[in-house]
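This is the structure I have questions about; it appears just below.
Note that the chains are named A, B, C and D in the order they appear, and that numbering of residues resets to 1 at the start of each chain.
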Amino acid sequence: MKGLLSLLGDYTFRVVSLGAVLMGLISGLIGSFSVLERRSLLGDAVSHAALPGVVLIFLLTGSKSTEALMFGATLSGLTATFMILGIIRFSRIKFDSALALIMSTFFGFGLVLLTYAQKQPNAAQAGLDRFIFGQASAMLNSDLYIMLIAGSVLLALTLMFWKEIKLFIFDREYAHTLRFSPRKMDILLSAMTVTAIIVGLQTVGVILMSAMLVAPAAAARQWTNRLSVMVVLSSFLGGISGLIGTLISSLTVKIPTGPAIVVVASTFVIISMLFAPGRGIISRRWHRKKAVKTYQKEG
Amino acid sequence: MKNKIVIMLAILLVVSGLTACKTDKQPGPLKLVATTTMLADLAENMGKGRLEVTGLMGPGVDPHLYKAGAGDVDLLQHADIVLINGLDLEGKMGDVLESLKKNGRKVISLEDGLDSSRLLRDEENRDIFDPHVWFDVSLWQDAARYVCGRLCELDKDGENIYREQLDLYITELEELDDYIKIRVAELPEDMRVLVTAHDAFQYFGHAYGFEVKGLQGISTTTEAGTGDMIELADFIAERRIQAIFIETSIPPRNVEALQAAVNSRGFDVKIGGELYSDSLGDAQSGHDSYIATFRANIDTIVESLKSEG
Amino acid sequence: MSAAFEIQLIAALVAVACALPGVFLVLRRMAMVSDAITHTVLLGIVTGFFLTRNLESPILLVCASLTGVFTVWLTELVYKSKLISEDASICIIFPLLFSIAIILITRYAGNVHLDTDSVLLGELAFAPFDRLYVMGRDIGAKGIYISFALVAINLVFILLFYKELQLATFDANLAAALGFVPGIIHYLLMGLVSLTTVGAFEAVGSILVVAFMIGPPVTAYLMTDNLKKMIVLSAVIGLFNAISGYHLATWKDVSIAGSMAVMTGFTFLIVFLFVPRRGLISVLIRRYRQRYIFAEKTLMFHLWHHEGTPKEEEEALYKTIRLHMHWDKKFAERVVKKLLSDGRVILEGNLLKLSEKGRQESRRDRRELLG
Amino acid sequence: MNCFLDILGNYVFVNSRGLDLNIGGELYSGSLDDTQSSSDSFITTSLNNVDNIGEKNNEIKRKNVLEIEDLTVAYAENPVLWDVDLNIPEGQLVAILGPNGAGKTTLIKSALGLVPRISGRIRFFPSDREKPATDIAYVPQSESVEWDFPATVLDVVLMGRYGHLGWIRRPRSEDYEIARDMLRKVGMMDYSSRQIRQLSGGQQQRVFLARALAQQADLYLMDEPFKGVDARTELAIVDLLRNIQAQGKTVVAVHHDLQTVKEYFNWVVLLNIQVIASGPMRDTFNEENVRLTYRRTEPAKRGGKNR
C-alpha cells in the first residue's frame, strides 16, 4: 500500500494515469457523437472486427510492432464500418443486425487466420490476439505519444467541423439540402470513431473500449441541453474516470486498471441518471413533490 | 417451393460430408498425441521409433489461449495414446481428453501420475494446483518415469525399449539438473530473483532457490493493475535486480512498462531477453527440445542477472 | 459415429437452435443483445465458481444463463428511464458486468485458470471427445444431447407461443391490448436466448453464437416477408453454414467455429447480392431497366390516348414522336425499337400504332399502376 | 393534366377530361439544349390547342421558380410518382393535395434530391440549377427528427444559416441576429434557450419554420406544416405563409385537409402518382378534379383521411 502523496511521484502512476486520462478525453469527445447518432454499439463491433486486420498484417509482414498491428486493426475496423453502412443503405436490414453480422463474421475470419498462423512453424505468433487488446497498466511512453497525436487530430477535426457534425447528427436530410454531402460526413465521423477506438484498444482492451465510448457521453447528456457543454463534460468525465480508475488500481494490488476505469465511468452514469437536475429520476421526483406541496399550500 | 430445394440441398451436403471421412487403422508405430510441446518432446524421447508423436500445440502457442483447428479432430481421433498435462493447464480441453479414459481410449495425464504433495497449491483455493510442473527438472523426471510406466502398460512388447530410453533420458535430465545448479551457483544468493510477465516459474524458483515474481497471475485473463506494477518496480529497485524477462507468448509491452517504471526509480534494469514459458522454442532457434530450451532459459537468466552494473 | 459426423451433427443442431430465437431478436432489433449475453456469461461463471469452488459443476452454467437474463433486465431498467437510448444502455451494462467479472477473477481467483474458455468448452473440435456415459455406456458426444435439447426447447417454445411471439414482435402495444402481457413473452424469450447462448457457447464458442443467431435470420429476412418461412429458412441457412463451414475448416485445417462464421458471412453476401427482387444486383438492374420500362408504358399510353383523334397523325409520327415525349434521340429510338420488336406497337406507314397486345398491356398498367 | 407554357411563356392550364389522361408535353424547338439562362426567354409552341381547356384562357404573366419534367420515382416495382410534369409559379402559396400514398412527400423530397429518381429533370429558377442551394428551404415533418438532441431552440434555428457559411466557417453575430429575428417572427422568442424536447408539436413545427426562414430562401418546400398542430398555431402559421408570400417568395406545402386548403392556399397541385391537375385554386380545385384525384379512396367530401 502506498501513500497517496508518494503515488504522485511514481513514474508508472503518472504514465498510466496520463494515458488513461487521454484515452478518457478522446473516447468522451468522440463518444458523444456516437451516442447521439445511436451508433454506440459500433465501438464493440469495431473492436472485434479489428482481429482479422491484426493477424493479416502479422502474416504479411511478420512483425508484431504496435504500429503495424494498429494499422491493420484500423483498416479492418474501417472496412467493417463501411460494410455495415453499405448493408443498411442497400437493404432493409437494420443497423444492429448488420453490426452483429459483420462483427461475428470478421471475428470468425480473424479466428480462422489465427489458427492458420498457429500452424506456422515459427513461434513469433504467440499471443497474437493479446497484442491488440492492451492492458491499461502496461502503458508506455510511446503509447502516450500516439494518443496525444490522435487526440489532437480528433480535437482539431471536431472544432473545425463542429457545426457540420451537429447539423448532420440532428437532421441529416436538412443537411443534405444545404449541400453538406451526407456521404462525406459519414466517412468523416466513421473514421474519427474508428481511430478513437483503435487508439483506445491499446489501453483498455476490447470490451472496456465500447464502454468508455458510451458511458461518459451518456452521463454528460443528463446534465445539459447544449451539445458543446455535453461534449466538454463528456470528455471531462472520461478523463476523470480514467484518473480515478488508475488511482484505485494503484492504491491496492490485484485491481486491474481497465476494468476499474469502466466501473468508475459506469458509476458516473448511474449518479447522473439519478441526480442530474431537471432530468434525473430523483431530482424530477423531488421537483414533483415540491410542486405538489406548493400546490397544496396555495389550494 | 423455393425453400424445399434448399432443404434438400442441405441434407445432401450433410450425407456427403459424413461418408467422406472413414476411420482406418494402419499397423506400424503407435500414434501418440501430446497437448503441449514439452509433453511431445518427452514422449519423443521415451518412444524412439516405437511411437509416432505429434504435438497438438505448435511452438510458441500458449496453452491457456490455444484455439483448436479442424485437423486436431482427426489427430485425436486416430491417436492411440493421448498425453496431457492436466492440472487444468489445458482448461476444459484437458478435462474432455481425460474423460476419454472411460471409454477405453489410452490417456496419460501427468495429473494422475505426480505425487500431489510435491505440487504447489494456490493459497486461496487449496485444491487448485499450479500446472507449470515442467520447470522443476526433478519433477519432470518423475513425469518421465510415470509416462514410461504407463507406456509399458499400454504397449507391452515395447517395454524394454521404453525402459532403455527412460534410463538414457533420466541421465540426460540429471545432467541438465546439475548444469542448472552449477549455473545458479554462479549467482550470489541475493541475485537469485526471477521477474517475468506471468507467474509460470514458481516450480523453477521452488526447485532452484529462486524468488519468483510474476506481473500477472497464472491465467492470462487476469490483468495486472497499476498497483502490482508499482509494487514490483519498487521491489526490483530495492533488490537491485539486474534483469527482468519477456515471455514468448505474452506481449513484451507489459515488461517494457515495468522496465520503464524501474528506471524512473534511478535503477537501470535490463530486459534480459526472452524466456520460453508455456512452450518450447521452434526449430530455427534450435531450442525445440525440452533440454535445449531449459538450457537456453537458464543461460539467459544467469547471464543477465550476473552482469553486475 | 465418427467424430466428423458428430461435429457436424452438433454444429447443425446448434445452428438450428440459435436461428430460431435469432429470428425474433433480429425482428425486434435486439440483435446485439446476443453479443452482450456472450460477454456477461463470464460473470455468471465467476459467481458460479465462487459458490461451488469447482470448475466442472453445472451450477456454473445455470449461473451463466441467469446472468444473461439479468443483463437484459438491467439494460431494460436503464433504457426504460428514457434518459439513455437502448443501444447506449446495452453498451454500458455488459462492459460493466464484464469488468466486475475481470476484477473478481484477478482479485480472488488470479491463479485459477478461470475464464470463459476454461469453463465452457467452446471448441467444436473437442466436442466428440466429451462423451456422455449412461450406466457406464458411452452414448455419444455430450454436445449432441445439449444441442438437441436446445433445439427441442426452442422449437417447443416457438410452437407454443407462436401467436404471442408474432404479436409481441410486430406490435407490442396491440399484444398488450389483447391481454397478452408482452413483458412475460419478452422475458421468456430473453431467458430462452440466454439459455441457448450458454448452451451453444459450450458447444461452439462465443462469437460463433452471435454469428449463428443473427446471420441466418438476417439472410432469411432478405428472402421472405412471411414469419413462418423466415424461421424455416433461417434454420436451413444455419444448417448449410454449419456443414459448409466444417468442410472449409477441415480443408484448410483452421478453426471450425471461425470457418462457420465466415460461411455465415459468405452466404449472406451471396443472398445480399443475388436474391431476386431485394438483392442488390436485381435492385440496381431494376433501377436501370425501370427507366426504359416506364418510358415504354408512357409511350403506349400516349399512342392509346391519341388513337382515332384528329391530331393522331401529328402525335404518332414515327420521326417526331421523340419530340412529343421530349426524349433525346438515342433513348427514344431504343424505346420505340423495343416496343416494335416485341410486337406491342406496330408501324403503319409512318405512324406508330398500338397492337392488340399493346392495348391489353396498357389497360392493365393503367388499372394496376394508376388505380 | 398539366400546365403548358404557351408561346410567350405565359400560363395555359388544362385539366383532364374524362377518364383517359391527356399527357401532352411542350414541343421544344431544337435549341432546347442551349437555351438561355432564364425560363421566360425560350420560345415554345403550345402543343395543345387552347380550346380544349374548357375555361377562360387567363393570360397571367408568371415566371416559374421550379420546373419538374418527366419525373418518375419508384421504390419497388410500382411507381410512387410517374411522368410528373409540374411548374411552380413564383410568388404563390401552393398546396400539394392527394390521397395517402399519392407521392406528395416524395415529390418534395425528389425535388430536393433527397430521393433517387428513375427519370426526370428538376430545374430551379432563376438560378437555373438542378440541385437546391441556400435559396431553397426545406421544412421537414417534425417527427422526422430525434428531439432528444441536446440543442436549444436558437441552436436549431441557427442551423438555417449554415448553408450560407459553407464548410468550417463558424456562425457570426449577424447570423445569430437573423436567427433571433426569425424566432420573433414565428412567436417563439421566449423559448429560444429552451431544450427542444420540451416543445409541443406545434412549437417544434414553428421552430423548423423559423429555421427555413433563417435561410432567407426564395422557395420554401414544406412537408405537412400543419400536421399535429393545434388550431391556434395553425392560424399563426398561415399568417406566416402569407407574410412570406407578401415578400414575393414562393411556398409549396404538402397538405392533407381539403376543408382548409381553399382558405390557406391560392394555388393547388392535385396529385395521385401523376399530376391530376395544377393551377390557381379557383380554376383547379373543383369537384371533378378532386374526385379524379381521390377516386381510389372514399369520396372527397369527408376531408383528408389523415387529419
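Methods note: a residue touches a chain if its C-beta (ideal position, glycine included) is under 8 Å from a C-beta of that chain, and two chains touch if they have at least 3 such contacts.
Computed from a predicted structure; not experimentally measured.
Common neighbours of chain A and chain D, by the contact definition above: C. With centres computed as the average of Cα coordinates, no chain lies farther from chain B than D. With each centre defined as the average position of its C-alpha atoms, the distance from chain A to chain B rounds to 37 Å. Rounded to whole angstrom, the centroid-to-centroid distance between chain B and chain C, based on C-alpha atoms, equals 43 Å.
The distance from the centre of chain A to the centre of chain C, each centre being the mean of the chain's C-alpha atoms, comes to 27 Å. Between chain C and chain D, the centres computed from C-alpha atoms are 40 Å apart.
Multi-chain contact residues of chain D (touching two or more other chains): none found.
Each of residues 38, 111, 114-115, 119, 221, 254-256, 258-260 in chain A touches at least two other chains. The residues of chain C that reach two or more other chains are 102, 106, 110, 249, 252-255, 258-259, listed in rising order. If the chains shown are joined wherever they touch, the resulting network has some other arrangement, not a path, ring, star or complete graph.
Listed in rising order, the residues of chain A touching chain D in the complex are 36, 38, 160-164, 166-167, 169-171, 173-180, 221, 224-227, 229-230.
Against chain B, in their complex, chain C makes its touches with residues 2-5, 7-8, 12, 53-56, 102, 105-106, 108-115, 117-123, 125-126, 128-131, 133, 138, 223, 229, 232-233, 236-237, 239-240, 243-244, 246-247, 249-250, 252-256, 258-259. By the touch criterion stated above, chain A contacts chain C in their complex at residues 35, 38-41, 43-44, 48, 87, 90-94, 96-116, 119, 207-208, 210-211, 213-215, 217-218, 221-222, 254-256, 258-260, 262-263, 266, 269, 273, 279-281. Here chain B touches chain A in the complex through residues 57-62, 65-69, 71, 220, 222-231, 233, 248-251, 253-254, 256-257, 260-261, 263-265, 279, 281-285, going by the rule given at the top.
Contact residues on chain C toward chain D in their complex (touch as defined above): 277, 286-287, 290-291, 294-295, 298, 301-302, 304-305, 323-326, 368-371.
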